[in-house]
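Two complexes, one shared chain (subunit A), two partners (subunit B, subunit C).
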Partner chain A sequence: MKTSTGVKKHGTLFLIKKNYSAYLFLLPKLILFITFIAIPVVWAFILSFQEYKVFGSVWAGLDNYKAVFESEAFRKALYNTAIYTVVTVPFNVVSALVIASLIHSVSRTAQNFFRAAFYLPTVASMVIIAMVWRWMYNYEFGLFNYIIGWFGADPINWLGQTDSALWAIIIMQCMIPFGVGIILYLASMGSISESLYEAATIDGASSFQKWARITIPMLKPSTLYLVLLSTIGSFQVFTQIILMTGGGPGFATETIVHLIYKTGFRDFEFGLAAAQSVILFGIILIVSIFQFKVLQHDE
Partner chain B sequence: MKGQFKLVYVLMLVMFAGILSACSDDAGSSNSGEEWTGKITIWDGPRWAEEGDDSGEDGEGNKYFWLEEKIKEFEESHEGVEIELVQVPWAEMPDKLGVSIAGKSWPDIAPVDISGSAVSIEHIEQGVIESVDEFFTDDEMNDFYENAREAYTFDGELYGIPNSITVHSMLLNLDLFEEAGVEPPENGEWTWNEFADAAEKLTFDRDGDGEIDVYGFSTYILPGYYEAWPFFYINGGQPLSDDLSEFTFDDPAAVEAIQQLADIKLEKEAAPVSMGGADVGGTFQAWASEEQRTVAMEPWATWAITSAQTAYPTNFMVANYPTGESGEPVTIGGVGGWTMFHQDNDAKKEVVAEFMKHISSAEEQYVMSKEYGIFPALKSAADKDPFADNPEMARAQEMSSQVVMLPRHPEWKKIDEVIQRELQLVFNGEKTAKDAMDAAKAGVQDLLE
Partner chain C sequence: MKTTSFKMKKPIVYTLLIVFSVVSLLPLYWVFSTSLQLSNYQDEELDRPVSYVNSNPPKMYPMGIPEYFEHWKKARDAEEQNDMEQAAYHRETMSHIVDNTFSGFKTLFEKNNMGRWFFNSFYIGVVVTVGILLFDSMAGYVLAKKRFPGRNLIFWLIISTMMIPGQVTLVPMFIMIRELNLMDTHWALIFPDLSMVFGVFLMRQFMYSIPNELLDAAKIDGASEWKTYWKIVMPLAKPGLAALGIFTFMNVWNSFLWPIIVLNNSDLYTLPVGLKTLQDANLASFKLLMSGAAIAAIPMIIVFLIFQRHFVKGLTLGGVKE
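So, the complex of A and B:
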């Protein structure tokens, strides 16, 4: 059989035999992927249609999904997560772009320093970061209330009031540099052809014009990737919540993953938790496809 | 190239061998007439280190030495029995156990009770937890304090061995009482008005800069924690009706009690703004840490007494929760112990039970009481008077008679969360106790039906 390009098309088995050494090297990773990712994901999907019991789960049809959609707690968690995502994703991506642009314009040595400095929070444990921020938000001796005190403002119970707790978590997330984004943008900026900037300079473009008309459009593939990455991460916000507020006060900082965690490991309702996870997966998938279409279309 | 492929094959064989060996079980063996031999797995959290032991990265010593010694003793007297101790931090115990139960890879023994924090009645119904009834004589059963035995009993059978009782009590910093010129309650007994009056007087500006340096009282509100709850019972209120069919924290007796505690902060300003928040560690540090000590009175479980005697040496006394309209002091207690997980082999089950009894004997409970700050669950251990030289613990032990247990409803963890989330809104001033408990009623009643 020949394709339109005239190259003989071989069967899958033939290709595996031909490249068996490559497949052998991939096999250990593939086994790990199947064991720890693929099987649990499929199992979670099956579990979402069951009422979990240790010795033999019971088929529950769509009951778990019905329970999730009727749950006030899930709606509240979804709302909080959406607010968190809508604010943090654009802020993180835009700030990464601005910081990367500023770093790109300095000397190589300075670039290396800032690259490392801004990437540091990415490798730091979120547990440590959350503990530090909890101290900074402390009502009596926290840094923020100390600072606003200089301007004569009354101290704020940042994590203790329903109207400020979620925003305190959002502010914290926005203040942590998006290290991956900065590194990726810097790498992408390095690959933009200098001739484009030279031509723009000859045409009399200002620095800002060059940034807006050349740099940003040329970085769109990176931006798309970072928006997707950041959105997925934001929908899965958990560590900050469990360490800083536990979802409270009231349900003011309850998020979807925190709710899934409680449903699974506090209430032992693994079927329901699996249904919540599948729904979260669906939401992230839809949002990601939407973002992909919009950003790709613009390109 | 051939050499490379051989290496890959060898690596793969090693990997598969590793996976297969990891999957092998430890059911052990037993022939008729012979004792079972094999491996028993026990999980435990850190307890206390030997005096003078400052080993380890944090210099706190080996806090598993007691159980390690008991394991060694048992292994020496039971040839062929190996006991593996898995060290699990207390905070991670419920989650890790939940995961291991879901994966049917539970330990043989774990230090949990059936109240629902790590395992629940549902696990008994599903056969995850083993009854240990058959291993106790009537005399041995009667040696347990009734509330301790009750905490591990379901449908008339004992599911685990209670080894400790804890209560919540009020801890008063006597240095701050003296500094404020306030007399501590005589014998640790007081009324609500006396308590509220003391809280106000203990709130003061030490250095005259116009800012409060010391507050009279503080506590926190978080699902699963009950330090503040005895205050809500003092007028006769309780969260659920006796038959567990009705939410009753919206009764005036409970609503008034909740509101008056919140008003210690909101009206009288005798508590820090953080009171009623979710910061457990911060709340304790405010009372105990030498660098802070900004709160004079806080309610804590029994472990805090030991902590205030050792890690955070404090001049303190133990007092009852104040009495309200009911006139009776109330506290909330808990019972700890060992639970046996599902066993396929009766002979092994017998050895596991024997080991559980070995580490829960009157002698061991006496040692734990002295060293670990708990009250024994066995009367014979209490008779040894472990707190003869520890008046604070002895005072707290007296409070065991005031204990009310939390409702044992299968959905209690969810009910608790609904109530505690609303309580957080009362203590941060966003809702009145009446509004919050009315809101809680709607959520709780659904769970009760």
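So, the complex of A and C:
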């Protein structure tokens, strides 16, 4: 009895000493993590309530947040980012599902070939993709105005006018295959039990019914993951914006992250930029929880 | 072959797949096609320089290819008729065509800082990848296999930050890097990249599958912790390390937002930053820009084609937990 309480009393310290090597193994990553992630995250929250000055910042309460929500640029950015997300996320996830289903039904060799063809554009940096789309959208010599010319349409100043610029960015995002989605769906399809389909065949289900009633429900965990992943990604849209439109014309293609970039590193309004980034985090968190609840719920 | 999906007629499936993949690959094709297009090329019939990059309707493939073969044929015919002067003329034109086709790449390396940018991207990618593989596998190993006070707290602390968008840390990190006097240095890129936590999560998942018996056996044989990790754990973790390594390198190679904030000196640019300044300068032709884009894309395409297997593995490891 005596010894057992003794062990308990010194238990933690004893275990720490005994496992000191485990802490040494963790040390390098932990130092990096604390310095370059944990501290900056906490700092961002603090900064968002301050007016930043090089020699001592001043508390500003909710002033930054008020200023952010009152600014037209931020409202436009929020609106544009929302439209962009609402259109591109469903389009990308559904098209990944359709393409993966098509790939899944062909032979092994063909599967490998098409999987590569659809994933390849994903490995090229968004910088490259944005630069080439800007070129393809070129008014005078671009590929797209030539292609729409086949159908008798007049050339469009895709990126240069208020009412088409955001849609040009959205169309571009829809045309880039969702490589991660296709590969994940393919992997998940491979692990659906064959017996389910055999049972359905005996019951006389058509192949489309089997797809709609077995495949899609069985893929739900992947769908949830992919919806969350692409939503988070699309709220952070930046590279296309800075390289193709710079947020313009006017605020026509302003997005949240591009605005954070401008506020923080062109205007050096650190407090405001920090508040914007905390709001972005809040939005992503709320939307993720909402999607998680909805997609989990409708069993 | 499983019958898990559409059972459409095969020709329809193939037609759809081919059409979709052509659409999907078109932009990359256009990068390469434009980068190799003839520009400022002396046209014989028109007797003036023409640029096929800026042409309406657009030229669908590098015009140097048909031009080259035409002159090659003419040169061969002339040689057969022993017209050496004519043959030499066509041979010379052929070399002009080759020069013109690759002129974008040449200009980038000779007049812009492309060689430097490429090297910077490459070595930063290697440094970060090696560091991440080492630190994340060490952390993942003990988080998966050791029991010690604070283990769960540390793990959840690290994982919870994975959900915070990277932009949140931009401003504080900028202030911090400035205070540390690391502005406009490669340390400003390397340190934050080394702190990415995704690999810890991935490695921990992977290390679970290593049998405890092996680790116990090593312990009984008197192997030190480090030796166990280095000689037993690391070799077994190779597939996971390969996947993590490829993704880390690709992320670093393609990273853009943070580098454009902290780098100002052209000698220090990474490739994506260099490409942006090239475009901003507004002097570069689309041929030059697409040549730059091609140079940035080629290494990733090669890496992907060689390590395709690991890409699939890495994506499914991080994505689906079954």
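Heads up, the rule we're going with is that the second predicted complex is superposed on the first by the 268 of 299 C-alpha atoms of A that agree within 3 Å, B and C clash if a C-alpha of one lies under 4 Å from a C-alpha of the other, contacts with A are read in each partner's own complex, and residues count from 1 in each chain.
The criterion applied here is as follows: a contact is a pair of C-beta atoms (placed from the backbone, for glycine too) under 8 Å apart; a residue touches a chain by one contact, two chains touch by 3 or more.
Note that this is a predicted model, so its numbers are computed, not measured.
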Subunit C versus subunit B on the shared subunit A, clash or fit after superposition: clash
Which superposed partner A:F251 touches (first subunit B, second subunit C, both, neither): first
Touching partner for A:S125 - first (subunit B), second (subunit C), both, neither: second
Subunit A: partner with more touched residues, subunit B or subunit C: C
Partner chain(s) touched by A:F55 [first = subunit B, second = subunit C, both, neither]: first
Subunit B versus subunit C as contact partner of A:D267, first or second or both or neither: first
Partner chain in contact with A:N157 - subunit B first, subunit C second, else both or neither: first
Subunit B versus subunit C as contact partner of A:P28, first or second or both or neither: both
Partner chain(s) touched by A:T239 [first = subunit B, second = subunit C, both, neither]: second
Touched partner set for A:E140, first subunit B, second subunit C, both or neither: both
Location of subunit B clashes with subunit C - one stretch out of 24-32, 96-104 or 186-194: 96-104
Overlap of subunit C and subunit B interfaces on subunit A (superposed complexes): 21, 25, 28, 52, 134, 138, 140, 264-265, 270
Subunit C partner contacts - residues on subunit A that touch it in the complex: 12, 15-16, 19, 21-23, 25-26, 28-30, 32-33, 35-41, 43-44, 47, 52, 99-107, 110, 112, 114-121, 123-129, 131-136, 138, 140-143, 146, 149, 175-177, 180, 183-184, 187-192, 194, 197, 201, 207-208, 210-211, 214-215, 221-222, 225, 232, 235-236, 238-239, 242-243, 257, 260-261, 264-265, 270, 273-274, 277-278, 280-281, 284-285, 288
Subunit A-facing residues of subunit B, complex: 1, 4-5, 8, 11-12, 15, 94-95, 98-99, 101-102, 104, 120, 122-123, 126-128, 222-223, 272-274, 276-279, 282, 294, 413-414, 417, 421-422, 424-425, 428, 430
Sites on subunit C touched by subunit A in the complex: 1-8, 10, 13-14, 16-17, 20-21, 23-25, 27-28, 30-31, 34, 53-58, 134-136, 138-139, 141-143, 146-149, 151, 154, 157-158, 161, 163-176, 191-192, 194-195, 197, 200, 225-226, 229, 250, 253-254, 256-257, 260-261, 272, 275-276, 279, 286, 289-290, 293, 296-297, 300-301, 303-305, 308, 311-312, 315-316, 319-320, 322
Residue ranges of subunit A touching subunit B (in the complex, touch as defined): 21, 24-25, 27-28, 31, 52-55, 134, 138-140, 155, 157, 159-162, 245-251, 262, 264-268, 270
